[in-house]
């Protein structure tokens, strides 16, 4: 049994999903673990994680449109707006998605289903560098 | 210390919550782990997991009605509709709930509270077979 | 490698975020683990967990206002209202946030980002005592 945490950065350029499945798989392989669990964690409060459909780009576009409607920038009297109209909405969208995704590892592979990809969900308009931590624990 | 991943299937027949607490407890017992963590993971992007109130069926009905209103099938101009009006709504409802639930194990039991059950949250109308992975890591 | 689960209580006095970062860090230190994963789990269905911005109280106030609007007490024909108008809304708000937060541990510390705090998200008006379980697995 062992446990190893590694880190990588993702550069974002506006609100979107950025796939990180390959980076996470690489962390699992680098840890040399065959059976265990991978914990993916985003170290920010204005970006989040989701496991999402990985085949059709229209699903991503529909998701982004839905979140613009669910957490509108111009609809509420937000007080926390120091960094602009996408400041508070980013924190709320993060709460409504996830800060960590935890995926079992079996036979050296993440047990993702056929259509599942791991994505960073960026909620800010401006470019950002986001740091992801990946712990792999097992044997 | 050990880590073991097992799989089981759940047959669904329409949008609803399907309790899987007993199946998860069985995986913990089969792994023979007394102290550790259980990770429950659904391998699909149109079904999700929730830990939810396990006593009153009216709570489940209210939750289902709320999600119909929060993510309506007829309200947005979804593009991703190849599999019908419940296609894109399923992906969104999955994002708003969870793909994995992680529960500590102590003295050989999941540390669930009195009113907590683990549920598969099915978002599609048509019958589906859903696969759940459960990793148990500990000693 | 080892795995240890501990428990602590938090007294709440109405709907709000209650920071528990220090309590979780204490559990990590008490377990004496340098590399691994911490799983924080709330044993209730009318309170939840979030990792949230820890610097500006206005962000918390905006989040609370947003949830009052997203899951209104007076808007839907809830059936599950035995414990009052904040009964069913509490279960829904829990589904839309999280029952567990999983955070890698490296060099003996939670790998939280600069602005991330761990919070109990209380959804009931009346005072409650909430129990949190924290498992730490690693070496």
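Should a chain be cited, it is by its letter among A, B and C, assigned in written order, with residues numbered from 1 in that chain.
Throughout what follows, contacts are C-beta pairs under 8 Å (C-beta built on N, C-alpha and C of every residue); 3 or more make two chains touch, one makes a residue touch a chain.
Bear in mind that the values here come from a model prediction, so they are computed numbers and not experimental data.
A.B. asks: Can you tell me the C-alpha superposition angle of chain A onto chain B, nearest 5°?
C.D. replies: Rotating chain A by 120 degrees superposes it on chain B.
A.B. asks: Copies chain B and chain C touch; is their interface built from the same residue numbers (over half shared) or different ones?
C.D. replies: Under half shared, hence different.
A.B. asks: What whole-Å value do you get for the distance between chain B and chain C if each is reduced to the mean of its CA atoms?
C.D. replies: 19
A.B. asks: Quick check on chain C: which residues sit in contact with 2+ other chains?
C.D. replies: Residues 1, 37, 70, 96, 98, 102, 137 of chain C touch two or more partner chains.
A.B. asks: Going by the contact rule set out above, which residues of chain A touch chain C in the complex?
C.D. replies: Interface residues on chain A, with respect to chain C: 1-5, 7, 37, 39, 41, 43-45, 70-71, 76-80, 82, 88, 91-92, 94-96, 98-100, 102, 131, 133-135, 137.
A.B. asks: For the complex, give me every residue of chain B touching chain C.
C.D. replies: Against chain C, chain B makes touches at 1, 35-37, 50-53, 56, 58-59, 61-63, 65-66, 69-70, 96-98, 101-106, 111-113, 115-116, 137-139.
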